[in-house]
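Okay, so chain A shows up in both of these, paired with chain B first and chain C after.
Then we have the complex of A and B:
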């Protein structure tokens, strides 16, 4: 699968928000887990990413740990979430 | 170090039992028979509690001795009497809590300059995080949302105990415009996003930062409080730093017949860089504990953490405690000072 424009945008947002200095958008595999394995992000990074999404796209989620985990599994699921919920 | 999850005396495990009926009865008495019969009943309940619940009594004694040593260099002379007054003050706070949730406006006066600071914070439109504690009665703070339409508060509460007392109160009382309550067992990205949204709308997120949630036992730091080591949660400070907004402290303390509200600017995390966060959190936690200490010094009997607060008190060690019903009977304790005085015996020990 190819990377969509939105996925690219999200990659840049992740790198910028989390100040991942040695990472380029090409390094982020859309299907790899973002957390623990893959990029190795932690739970605080997840909160920060959530807030960045909220700020940029006006997205909120119902407070449910399981759905959070699914949406934040990898870049592809994150892009699907933004696509479905974005306000702006 | 004692992981909270294995400690039967962790505040979230000191559970209530059968309290729903008790709370409803007390609300009924308050509403239909008035303040005096209610106070009479409450005194009985509190007296029973003091005698029957050793864990709470010991927690009160430990706190009072440590505070007195800290303030006066010596333990209080009449500890039992003082501790009974401590329990009574707690009972009073329950009554006030019920009043607040009933929509009976509390008599509130602001500390010097606090009203202006509060109005400035609300009218800035930037929203913010408000740190609270279990000193005093934060229900009164939230009752201020009845007084000012543009003050919107969202309380972040720990699920484990939040449901009972407040759910009961919400059903038993009539309040038109209660603050929003978000109950969580852990802070997930979705919680953060909701809170971010509230702040973006100019609202305020109210968080108590003096209890470590069970799921967060890893994210806590040990700080010296009244000269002894105690665990404090990092979570509220992480949130405050991530939300990039003004941060305040607010406290409501019983004062004569009403309440005195203190409201202060704590910090502003708008421009706090990612790399400065860890240092900020350490510093902010120290300042929070200093603030908490001042609240205790100002209103010694309004400390409502009736559980083994310190790491170095006997009840804090799981192996030192008795796993039978006597240590587990009791009250609810939530992130927003909701503890109930319904004196009921627990029928079994917590199992999870």
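Then we have the complex of A and C:
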């Protein structure tokens, strides 16, 4: 799977999981922050997203809250995390 | 460990070698923090306060580190001064409290204590008010709540009698700036002599790692949690290897769903003890859902309900333990003496465990540029979320996906100055005219219609309708994730003409109580397709062509015409 395709898959997962009704994949800039000032996600979404990553890709996040949430900074960092840790 | 009332100043009494706190394994300096080391932090805060004291004798304390927070709190108490705890560190919350006291801790402009110092105990009396809590600005004007030591000690005694901390340490997934976290993570451990974790533990992976460390060291931890965290525990983490380290689990802030309660018990191996209460009242009741859905009043409290089902409370946790106080929550009493919660009588809701006044949100929204009128509604999605119905000046009404996104972004950004992100409306319905029923009200039916497309991926987004010369004009939007929208990743998705016909027929059935069926098209043209996010007007009028019923439709958006022509209908008596 190319990175672009994975990024697209992640965009759809975010939209679907978090029920973002008016966001399309094209609206998510891979370099824009996902949280607060960018896409506007919040602390509840962060928990929801962590759960979705575990269900879909078998990814377990680090126990260190700060470093594990750095992967959630933007879509590119999220894709890098999935690429590196997915259980295929 | 001996239980000491706060009024007996346990911070002075405890053995210097005992542990006050536990540094979790994710910390660079993992391990125990002794009472003597913590007293050095109290001394550091005392030195800071002595340098910066002013005539107000009041301090605005917000610190994300429970160890520093508790040391600062004790330092304030030892001076006999007032500790004000803001509910959050949002700029608007702090601006409202700016003149009440000198900011301390990890908030903007907050003073931080320096190097360790020996503490100094004087014979100054404790302040009359132990802590002043403020409800956050999100509930309208921040409301001030003074808690005296007697109230806090009564509450600590209640909880200790029911659930003494028999665990080796306490871990929290909630903020100690609020009454629940303050009592369970800071004050109970202080009174009961049980160490607390020096960092908050917001995520399940963190909890798993900390429990694993506890399991390895044969320690048991009590967990002070809340529904957002407990309802999202991933089953994929290896809980069985760590769950013998899990002691009692507490949850407060909002009722936990039965499913989440069951799941938390299954994964963590311990039942969830839910606490019902508020900043104003302190703890009122508790339950373990596997033993029953109904809430049991804490010992020493009495409750009743009135004709409007409102809860009345007499409690030692209140400022006046003898008087009855009416609450905003409605309840129904059970024959066994317990009660069930029916929801609030006012427009206060809890989102992500935080209280929010919908009235305050509506007012804030109504003041934003281009907004004429606004009303927020709660929507039960995966979490309680807000939807907003917003009447905009015509010039501000978005006509397509891009302008809709831009409008939502602008409004959310403006609201974010006052409200925390989870409280911001997520679902937006922009109307040109306030939708009302025949009685002039935005009724529950209309509110449901405005958000019906959230649960029906085949429906358009309805934004209002009005009578026009020869029929009815309905304003709609194409939902971005509508099932009928064609197109894939690389192609521009569009709304097929047949979908417009389908929507027109559905609307006609409701608007004209039409019973006839679709029988064919006549001179129907689709000059250009509608795109996801497009706002459009669909005008419907009934007609007759010779003996047959028909439906004239026109569909227009800001980009021009999308459909016009006639749908032929079967005679209604033809329909079997």
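The working rule: the second predicted complex is superposed on the first by the 85 of 88 C-alpha atoms of A that agree within 3 Å, B and C clash if a C-alpha of one lies under 4 Å from a C-alpha of the other, contacts with A are read in each partner's own complex, and residues count from 1 in each chain.
Heads up, the rule we're going with is that a residue touches a chain if its C-beta (ideal position, glycine included) is under 8 Å from a C-beta of that chain, and two chains touch if they have at least 3 such contacts.
No experiment lies behind these values; they were computed from the predicted model shown.
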- Message: Between chain B and chain C, whom does A:6 touch in the aligned arrangement: first, second, both, or neither?
- Response: neither
- Item | Partner chain in contact with A:23 - chain B first, chain C second, else both or neither | second
- Looking at the overlay, does A:42 come into contact with chain B only (first), chain C only (second), both, or neither? second
- Task: Check the residue A:51 against both partner chains and state whether it touches chain B (first), chain C (second), both, or neither.
- Result: both
- Task: Based on the superposed arrangement, let me know which partner A:72 touches: chain B (first), chain C (second), both, or neither?
- Result: first
- Task: Scan A:15 for contacts with chain B and chain C and give back first, second, both or neither.
- Result: second
- Message: Under the stated touch criterion, which partner chain does A:80 make contact with: chain B (first), chain C (second), both, or neither?
- Response: neither
- Task: Determine where on chain A the residues touched by chain B overlap those touched by chain C, and list them.
- Result: 19, 44, 46-48, 50-51, 54-55, 58, 60-65, 68-69
- Within the complex, chain A is touched by chain C residues 25-26, 201-206, 208-210, 228-229, 232, 234, 236-237, 352, 381-383, 385, 401, 404-405, 408-409, 412-413, 416, 420-422, 424, 426-428, 453-454, 479-481, 489, 532-533
- So in the complex, which bits of chain A are touching chain C? 8, 15, 19-25, 27, 35-37, 40-44, 46-48, 50-51, 54-55, 58, 60-65, 68-69
- Item | Touching residues on chain A, where the partner in the complex is chain B | 18-19, 44, 46-51, 53-55, 58-65, 67-69, 71-72
- In the complex, chain B touches chain A at residues 182, 184-194, 196-197, 200, 238-239, 242-243, 274-275
